[in-house]
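Next up: some structures, all given as structure tokens.
Shared between the two complexes below is subunit A, which has subunit B as its partner in the first and subunit C in the second.
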Partner chain A sequence: MFANSKRIKRNKTIDKVFRYLFMGMAVLSASFIIIIVAFVCIKGISPFLPGYEFGQVDLWSFLTGSVYRQDTATYGVGFIIINTLICSFLALLLSFPISVLTSLFIAKIAPKKLGAAMQSVIELLASVPSVVYGIFASGVITAMVRSLAASLGIATFGGSSLLAVIILLAIMIFPTLTSMSITAIKAVDKDLESASLALGATKTQTNFKVVLTAAKSGIFAGAILGLGRAFGEATAVSMVAGNKLFGPTFDLFDITRTLTSTMLTGLKETSGLDYDIRFSVGLVLIVVIFASNWILNQVKKRIGNQV
Partner chain B sequence: MKKILSLFIVAILALSLVACQGAQTSTEGTETGGTTTSSTINVYTRDSSSGTREAFEDAIGLGEGELTSAASEVSSNGDMATRVGQDVNGIGYASLTTDFEANNVKPLSFEGVEPTSETVLDGSYKMQRPFNYVTRADGDYESDDKQQLVEAFIAYMTQSQEGLTVVQENGGIVDMTNAVAWSELAANYPVLNQDNSGITIRTGGSTSVEKVVSACLQAFQPLAGNVDYAMAQTGSGDAVPRTLGSEKDGANAIDIGFASRAFNDDEDVTGALESGEICKDAVVVIVEANNAMTDITKQVAYDIFSGTKTSFDAE
Partner chain C sequence: MTRKRKDGALNFLTYLSSAIGVLILGSILLYLVVTGASSINWHLLSSDYYAETGNAAVSETYTYTAPGSYSGEGYYSDTWGIAFNDVSTAHGDDEIAVVYVDPNSPFASLYSTVAGDDNAAVTLSEGSIVSNIYYLDANGESVFLSRGGMENAENLVNILEENATGIVSINYETLGGGIRGSIVVTLYLILISLLISLPIGIGAAIYLHEYAAKTKINSLIRQGIDTLTGVPSIVYGLMGVTVLFPVTQMVGANSTSVLLGGLTLAIILLPTIISSTEEALIVVPQSLRDGSLSLGATKSQTIFKVVLPCAVNGILTGVLLGIGRVIGESAALVYTTSTVISDNPTLLSQGTSLALMIWSIMSGEQPNYELASAISLIILVIVFVINFVVKLIGKRFARSFM
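After this line comes the complex of A and B, so read on.
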């Protein structure tokens, strides 16, 4: 009896130690987020405070400005916010129908083996590093845009353009969107489908009217994730965006500038205000992502309710 | 519920409509412009923190903020060459060490002089600048060992075959004809044979020379008893004050200062233990390989990069 209670006691201590160990790890990882956000905030807000060592920047003209030039120290990100929204939403618009139809094919129509093979191809696509997409885009997509523009008689900056960014982002968010949609479609209750078929609906009618309607919440979640990737993508985008000095850019064949490409270009070589202001741009990007995620989540809640 | 969804869809559609409209207006613009669209010059530039951009704008007399805002910003020297090589209407600038052929670009001569190592070194190619150095005065070092190490480093960087090769590999244009083997020079500095890991050589001045100097220091370190070094490159203007001038005994004091230009009349370097030139840095204007242009003058370059000249053929 005595030996047994000793063992129980020891085991309890071990449990306790491990509980604190796990808690420590959790606190550590959570504190990283706090440290990062705090660091970005402090750095990003400092240029707008009085007494800033490189000369205070006016917050209002920063947020609404339509020129971003380091040589004259004119920093306005208003047009860059619009550019970023245009790029990301148009990319989503382009990618959404393709990926929904693809996922419908993989989950419902394709033979089992073919579907599984295609799904792993799409998962592979998701794991390709963004710089590889960037090289592909600056070599292939820009060439396509260039020849398209030439056939329309429009001059481009060697194919670097808003259109190239949109096509690139559409390709990059496609795997995220598709795999989320596949999961959502596969989760649709079989009984729903059978009921629809029993009522005399054709397979196509069932797929569009029943399956997609039932899966729309999950598909929408995929769209939100995809949009997040489109907003945050930096490396590949700055390889084809062209970094225009003013804006906003509405012309598909004109060069553009996104929040991420602005932060990345020349980061390694710069210092002073031009360095600190990139944190402010980062803050703006965080706010833009939060805001659009919140709006889309509201939309998702609404459409998710009315099945 | 449905209202929000439809609102959202309308927003997306409106956005795409705006985008299409933008595309349309631009085509109209170029058609009514009278000239063929293909001859509008596309100006490429580096971001303003780039040393190459600084050297280029100095050479053509382009002041701050004068650059056309229609320019496209690229992220690096290699990026510049790639992008200009893909754009028949593109013009940009790159360092002389760029592989022009591989990127399908053509280097232009400047004011009738072709950019080569020879024309840069004899001074006839004008789009260039010197990288200069200046040290503290004789005897004004923390120790004699340190003074010897600074002398040895300068000798390594400016006279030895090994050092000059490092400079060349990092973009500097040097005259190798008088270079001697490091082993010969090293014999003059017995301090190199002892352990110098407790000594720190401090450098400062121009940020443009940072790449060259840090590569040299890295190569020099194992040859000099693991001497330590600290680089604080802030700008050419700090080179002289921090070695010989008002800040030489302050917190920012340095042992060797660098400038990516000639020292001017206000900067007296006569008191320095040593001062002189490390190498030259040259910038070349580049266009796509099939461009008919072969030469560019300072005035034409200024007009193109300031946006007053927008076509290659129209005069």
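After this line comes the complex of A and C, so read on.
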């Protein structure tokens, strides 16, 4: 009896230890997001504080500046923020209709086998690493842009251009958008479809008018996710952006510069203002992503309520 | 009729959109195969990236023994036991390369005459480009045979066969352009990141699914982990170099290192591991847990002996997806392992993974599309195989509890 109760006590202690161990791991995992934001904040803000060792940078001219040059230590990211927004939103605009139609095809229209094959294509596209898209972009997309520009009589910088970035990003967010809308479309209540069909609508009418409308909110969530990816995409974009020193860039055939390409290019030394300012750019990137997420989620709530 | 036509047009649009997706995947693969496939060979996988020039003399202890025969590619010198072939380098130059060295050949017992090498023995690796050769003529005098004098591989073999009575020394250049170092770094990164993120990720998933009640704190924890997936990888890189660099400094790193890259990747993998483990835990029937508990097992016993073995598929999926992510990751590593390609990487030295090597050779002054595409093809094949296996596991898994 005594030995037994001792064992129970020991088991209880072991249970407790594991419980706290698992909890600790969960808390640790969750706390990384705070650690990431906190440390990038601390390091990113430091160049704007008085007493910064490499010479204090003016926050206002950093945020609103329209020139970013490493050689003259002129750091302004205002135009880069605008560039990043332009690239990402235009990429979304290009990719959105194609991916919604594709997801409708996979989920509703295609014969079963063709749909499954198409789904595999989307999954493979999703698993292609960013650098590989980068090579494709600098080898193929730039060549396409170059010949398009040549046929219009416009000179480009070897094809690196705003247009190339937009096409690249549209391709890269395509799998995200598509798989999110597939999920949303598949989640639509079958009764809605049946009702529409019973009222005499054709299958296609039902798909386009009823299913897509009902899946609106989920599709929009996919768009938000895709936009986040477009903002944060780094290596592939910097292979074709061209890194313009000033801006913003509105001409499709002109080179551009995004927040991520700014952080990646010309990285040589691991100290000094040119290195630290990259953290400030990273901080701006985080803020842009969070802000756009928040705004779009508000929009999504409005759209969702209308159904 | 018009309704039918309109419907047909709309349906056609969806077919068209899908075709665009197929076209994109197809053209990516086609481009990579056309540019890179011819560069993939054993040499690429097994050799160094940096070309080295070597200067080696035949060892004085070498006594001539007749070499064996050779029937492979190139022109073979029966007397000297070495085969050469004409090659064209990545820069488009015509060169003469060593394709085979017989063990009895004087070229198999060389020592380095480069200052600082202390006469260390060297092997003339296959693929090395010949710059010049000193041989002994009929009078026993040393003759200098320049690259121009060789003309081509066939002529070089003829000269050696007809004029040479002995070999003195050879100047050569190793081919370079290999990815061995990057393969090693990639393996290191996979190992480190999984070693750290697996236990933490599985533990966190167990807590979230087996323990966590629906409290505010727990939903906050879940939200925190979910938010991690949305963080761009370049931001992880920034975090790695500030937060984790001091950790690697404690074990002796004084610059960015492979270890730092691995630690950063461990955090990137966490959400993946957690979510795939948790998905597997959800599928484990509650009756199994109840059965185990009612038989008197403790909660931790139930988790380790009943629940986790059932969830092993999900954990395996997480591991595979993690490997795929590590192989493809580049932006986070630019800041943490540096973009310096290394031939002899260690945990504490800088180096590039395969994906980062692509970035490194593409962002240089003269991008090497052939090499980059070849590496991409290798990466893609691995990633696609992983994708396939994950799907297979998912299918078997879905059946196992039905």
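Rule of thumb we're sticking to: the second predicted complex is superposed on the first by the 293 of 307 C-alpha atoms of A that agree within 3 Å, B and C clash if a C-alpha of one lies under 4 Å from a C-alpha of the other, contacts with A are read in each partner's own complex, and residues count from 1 in each chain.
Convention: contacts are C-beta pairs under 8 Å (C-beta built on N, C-alpha and C of every residue); 3 or more make two chains touch, one makes a residue touch a chain.
Predicted, not measured: the structure shown is a model, and the values here were computed from it.
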item: When subunit B and subunit C are modelled together on subunit A, clash or fit; value: clash
item: Which of subunit B and subunit C A:Phe231 touches, first, second, both or neither; value: second
item: Partner chain(s) touched by A:Ile286 [first = subunit B, second = subunit C, both, neither]; value: second
item: Touched partner set for A:Gly134, first subunit B, second subunit C, both or neither; value: second
item: If touched residues of subunit A are counted for subunit B and for subunit C, the larger one; value: C
item: First (subunit B), second (subunit C), both or neither touched by A:Phe208; value: second
item: Partner chain(s) touched by A:Thr265 [first = subunit B, second = subunit C, both, neither]; value: both
item: First, second, both or neither for A:Met23, with subunit B first and subunit C second; value: second
item: Candidates 60-68, 114-122 or 222-230 of subunit C: the single one with C-alpha clashes against subunit B; value: 114-122
item: Subunit A residues contacted in one complex by subunit B, in the other by subunit C; value: 138, 238-239, 264-265, 270
item: In the complex with subunit B, residue positions of subunit A that touch it; value: 67, 69-72, 85-86, 89-90, 93, 138, 142-143, 146, 150, 152-160, 162, 238-239, 242-246, 249-255, 264-266, 269-271, 274, 298-299, 302-303, 305-306
item: Residue ranges of subunit B in contact with subunit A within the complex; value: 1-2, 4-5, 8, 12, 15-16, 18-23, 25-27, 30-31, 37-38, 40, 42, 44, 46-51, 64-65, 67, 69-75, 79, 82-84, 86-87, 89-90, 207
item: Residues on subunit C engaged by subunit A in the complex (per definition of touch); value: 3-4, 6-7, 10-11, 13-18, 20-22, 24-25, 27-28, 31-32, 35, 199-201, 203-204, 206-208, 210-212, 220-225, 227-228, 230-236, 238-239, 241-243, 255-256, 267, 270-271, 274, 298-301, 303, 324, 327-331, 334-335, 339, 355-356, 358-359, 362-363, 367, 369, 372-373, 376, 379-380, 383-384, 386-387, 391
item: Residue numbers on subunit A that touch subunit C, as the complex places them; value: 11-12, 14-15, 18-19, 21-36, 39-40, 42-43, 97-99, 101-102, 104-106, 109-110, 118, 121-125, 127-136, 138-140, 171, 174, 178, 202-205, 207-208, 225, 228-229, 231-235, 238-239, 260, 263-265, 267, 270, 278-279, 282, 285-286, 289, 293
